[in-house]
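Look for chain A in each of the two complexes below; its partner is chain B in the first and chain C in the second.
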Partner chain A sequence: MPQINLAASENAFRAIFDAYRDTINFSASNAGDFGPFSAAYSAGIRLEGGTVDLENSPDQVKISELDVVIDPLSLTLGIDIPSVCVGGFCIVPNPFGGCLVRLPRICLFEADPDISTTIDLGGLIESEISGAFDMKVSYFNNPDRAGLTDHQAHFAAKTNEWQLKLDPRWLDIDLIDISDTVGNILDSVIDNLVDGLLGGLPGWVKDAVRWILGGMADLIRGILDLADDVDEWLSNLLGTSLGLFDFIATWVADYFANREPVFSIEDPYPVIKAGSLIPVLIPIKNLSTDITDVELVVSADIG
Partner chain B sequence: MAYTDNCDIFGGFHENGFNTIIQHIQHQRPSLFNYATMDLASNHEMLCKEIDFHEAVNRFDNPVVSSTPYLPIPGYDGTSGISYCIQITEAKIDFHPENSIPLPPELHPLGPQKMTLKAKICVGLGCPDRELTDKLSNEGKGRTSNDKKAPESPTTGIPFRRLTCFCLEVYGVINVIRSSDDLKMGLEGLEIVDIKPEGLENILECYVSTVIHLSLLPKLTLALSDLVFELTDLITLAPTPISAAVPFNPAIAQDEVKIMMNLTT
Partner chain C sequence: MAIKINKTAFSHTSFSNEDLGSLSYIVHQLPKKGYYNGKIYQGKKVIDHFELTCSDEFKTRQVDIDICSFRNTPISEKGKSGFKVGPEGYVVFFNSQGTSGLRVRLDLLEKEKFRNTFDNTKLGKGDLLVFTLLRPGSYRALASNARSGLNLEVQYPTEKLLTRRQDLNKPVEIEVGKKGFNINSAKLLPGQGLLFRFQEPSSVITRLAKPVDEGKFNDKLKLVRKKSKKKPRRQVHWVNPRK
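Here is the complex of A and B:
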């Protein structure tokens, strides 16, 4: 029989998990070149909401619909428009050969990208994480503790720890919704790009470019491969091409399983804290967990 | 039945674990278990029982023995007193039901929600040699009653060759009393075994009981407000209130002390 049994009800575990979840935030960025256009994102990510259930047989913690809040999210698009040269043709030919007066030759869109813009998509993408987790017990041998006695390590805050971590059995991230406003934002951005690209050029040049390239907005949409389904386009760009959602899922799984424990217990544990005398440190051994449908039980012995 | 049917957080501590913790406390804070006059405190190898203590005690300059005043000699006007030591060499707890510590008949049986504390206490007295007491006695001769002042506390110990020691086994029955404001321990009964005559046993029991009542138990009283603490910035834990479902908190039963806490966010 274990010498110590500590139990947290499902409600208590939820409250503890909520506090743990609220400490999680991280950032991500990536960039890619896709021929006629390039894209890069920079995102700040945090977790909210979600429901937590303790399940028996198998013992696991099930987390459902944990909101992944991607805010801020800035998406930078760089567009390479095919070079266009207008003018340069002769308007007053020389009857003896050659040309007396030529229109100036103007070549446009020779840079790569010709123009780039950053779109603020913070809070406009809803995604969720769901998963089932083992409550993994591990022992952290603090590498900074080497050569120290138990009491020296305690005073130097370099103690070993028993750690309880959520080790994913499976973890899914789903893109739930992209706000309808994203389509309008992209339309507005494309309009602005057109103005930016052609602004300041003489009227005849604009006319010539439009004659050569057709509608600029349609051209940009074509370059971006932006079809009518904006949600699918953005989902593919961020999710598949730039790997944002895979990154989030991998990061969260790694954070739960390897980085930050849900609970940690200093070992040896200071059962009486230091005052004028040294703390009384108690070795903890045989730490184990049991999950039922209603509670998490942590058992241990005194060494 | 789940541990947390009537609370959010439950803690159950078995007497075997508790007794191991007491051994660690004894090992790491020996001065709470060993008391002696200054001459013995600085030479603790002379005490009745050798003290086994943790290396950190010396490393961090903690005392091994708590220093106590010399024992005064009534009617003697000198500055010397008798050296002595008191050592709690063993301490053990048995939570209800009574099994690991059989109680003496005077305290048996152990009632519900109670625990037994068994301690082995060794007492030693530095009994001086006859030649030395004769010498000290001669030094006191010649003083008249007019020379007598209010007796002063002894400042030095009378030399002795070795301590004269005896050990007693003390049994106490302790309960936990929870009031609206605090949580304290009460001593319900105390018995020192195998002491004759009966009057001496009664006197010693009275003395030990008074020490426990006035010195030890008040230090073990906890204000309930001190048991409310923050698990995180947003989560507060407090003892589960007494109710029909939770008639005792902490509860002593099945060889465990059980503590129930509620959580508020």
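Here is the complex of A and C:
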């Protein structure tokens, strides 16, 4: 049976991948309750940049430093503020120890207030994805082709296809940097929460409540378990607690391996395109790939 | 985000045992064991009454009576409230909602007659009166049995004062004697108790003279950035389970 070989140089494959990458964007959201506080994020994600290398032995496509752009990214933090109460101290001590009379506590809010604030972290988290991929060949039986002849399907762009997909062996996601402005944004959380809680009340009331609570900074630091290193805290919250990076890895792996091919070949293939005559379509069978250090070679039986 | 705020607590600027309002407490030790009839007045009108029994049968040393709760009691429940306390027990009267114009008195049943032993409009020897002043500013306190007064200053809440926050549990104590107050002035933290110990029958009123609005509580998280240069942190290492 006659064979056909198509070869794409590494540069040509990079151009194909760049075009493929630029079509990718997706959204993610998740929420969690972590006892004294809750958090939820909503993110839009796209991919940019990256370097593509073809590798022989084993045959694989290596993609490095593919930027994961997380923008927009909104993070909502919900906090249970403890009761803000006065009184409750001992007024008649027991000479033998303890307290004989303790004043009832009078609380300044009807119940423990739950307050939340949303901060915009869009574009402030820099991360990258790298991975190694097999070139997976699969055949796509187009369900829309049913009842059509080969030529009708060709003209209607409803043909079956041989598809080349990037099937990941592994993927790594690295957090490269968190912008310095995140610290300032988190600092604004305190004022946002106080305004949300006591908006409309005079400044001295807000200050008195902050003071009775022992300072909102220490309180919020404790509730959010804000460690010394804010970068680590934020990456743990988004990555470990809310699973943002796991979601990105799983989504990218599924998209590359199962959803969109990086390259597809129509079957039957128009070896002579339509001109004054109808195109010449030749069936393609047994498609296979071979990756060398310099090119991707696609071979198939024809006829 | 609907949070109900105890607005009267923040707006209250006049404190008196005669009109026991928000953030005010009276502590009264019962003079004798026996059966007491308590009456709650709104102005001059009795709106409810309650029973208070002081007996060896009970071990509790303190009973808290929220006088504003009687105002909202359904008619069918009026007069059915009963409180029990052990001998030499203390009654703590307070007004959680700050409803104004409420008065309380206790009458002890002796020889088939009721004898008045307590009236919040005039406190007696041994009674304690506590105010919690939230609003920063200058206050003036006056005792009904003396001409001299007392100047009080509630400091504006700042980060600097946080180191003294534990003093919230230590009220500033003032004695009310024959000649009035034992001191001329005192400084308080916002929310700190102001305790008057009555050595003589009297009444005390404390009013905001001049509020202080200047100041700013400006605590920041002061977050630490530990990075010195870009250092990637591995977040996910995903391996295809089918490979």
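The criterion applied here is as follows: the second predicted complex is superposed on the first by the 228 of 303 C-alpha atoms of A that agree within 3 Å, B and C clash if a C-alpha of one lies under 4 Å from a C-alpha of the other, contacts with A are read in each partner's own complex, and residues count from 1 in each chain.
The criterion applied here is as follows: contacts are C-beta pairs under 8 Å (C-beta built on N, C-alpha and C of every residue); 3 or more make two chains touch, one makes a residue touch a chain.
Everything numeric in this text was worked out from a predicted model, so none of it was measured.
Of the two partner chains, neither chain B nor chain C is touched by A:D254. Once chain A of one complex is fitted onto chain A of the other, the partner contacts of A:E295 are limited to chain B, with no touch recorded for chain C. Of the two partner chains placed by superposition, only chain C is touched by A:L186; chain B is not.
By the touch criterion defined above, A:L281 lies against chain B but remains apart from chain C after alignment on the C-alpha atoms of chain A.
Of the two partner chains, chain C is the only one that A:R102 touches; chain B does not reach it. In the overlay built on the shared chain, the residue A:E48 is in contact with neither chain B nor chain C. After superposition on the shared chain, chain A has more residues touched by C, the comparison being chain B against chain C.
When the shared chain is aligned, no partner comes close enough to touch A:D144: not chain B, not chain C. In the superposition on chain A, contact of A:L175 is made with chain C only, not with chain B. Of all residues in chain B, only 2-4, 7-14, 16-17, 20-21, 24-25, 28-29, 31, 55-57, 59-60, 62, 231-235, 263, 265 touch chain A in the complex they form.
Chain contact summary for the complex, chain A toward chain C: residues 86-92, 100-104, 106-111, 113-116, 127-128, 134, 167-177, 180, 183, 186-187, 189-190, 196-198, 201-208, 210-212, 214-218, 220-221, 226, 228-232, 235, 239, 245-246, 248-250, 253, 257. Of all the residues in chain C, the ones that touch chain A in their complex are 1, 3-6, 9-10, 22-23, 25, 27, 61-62, 64, 66, 90, 92, 94, 96, 128, 130, 132, 134-136, 156-159, 161-162, 165, 168-171, 190-191, 193, 195, 211-213, 215-217, 219-227, 230, 232-240, 243. The touching residues of chain A, counted against chain B in their complex, run 1-9, 11-12, 15-16, 18-19, 149-151, 271-272, 277-282, 292, 294-295, 297, 301-303.
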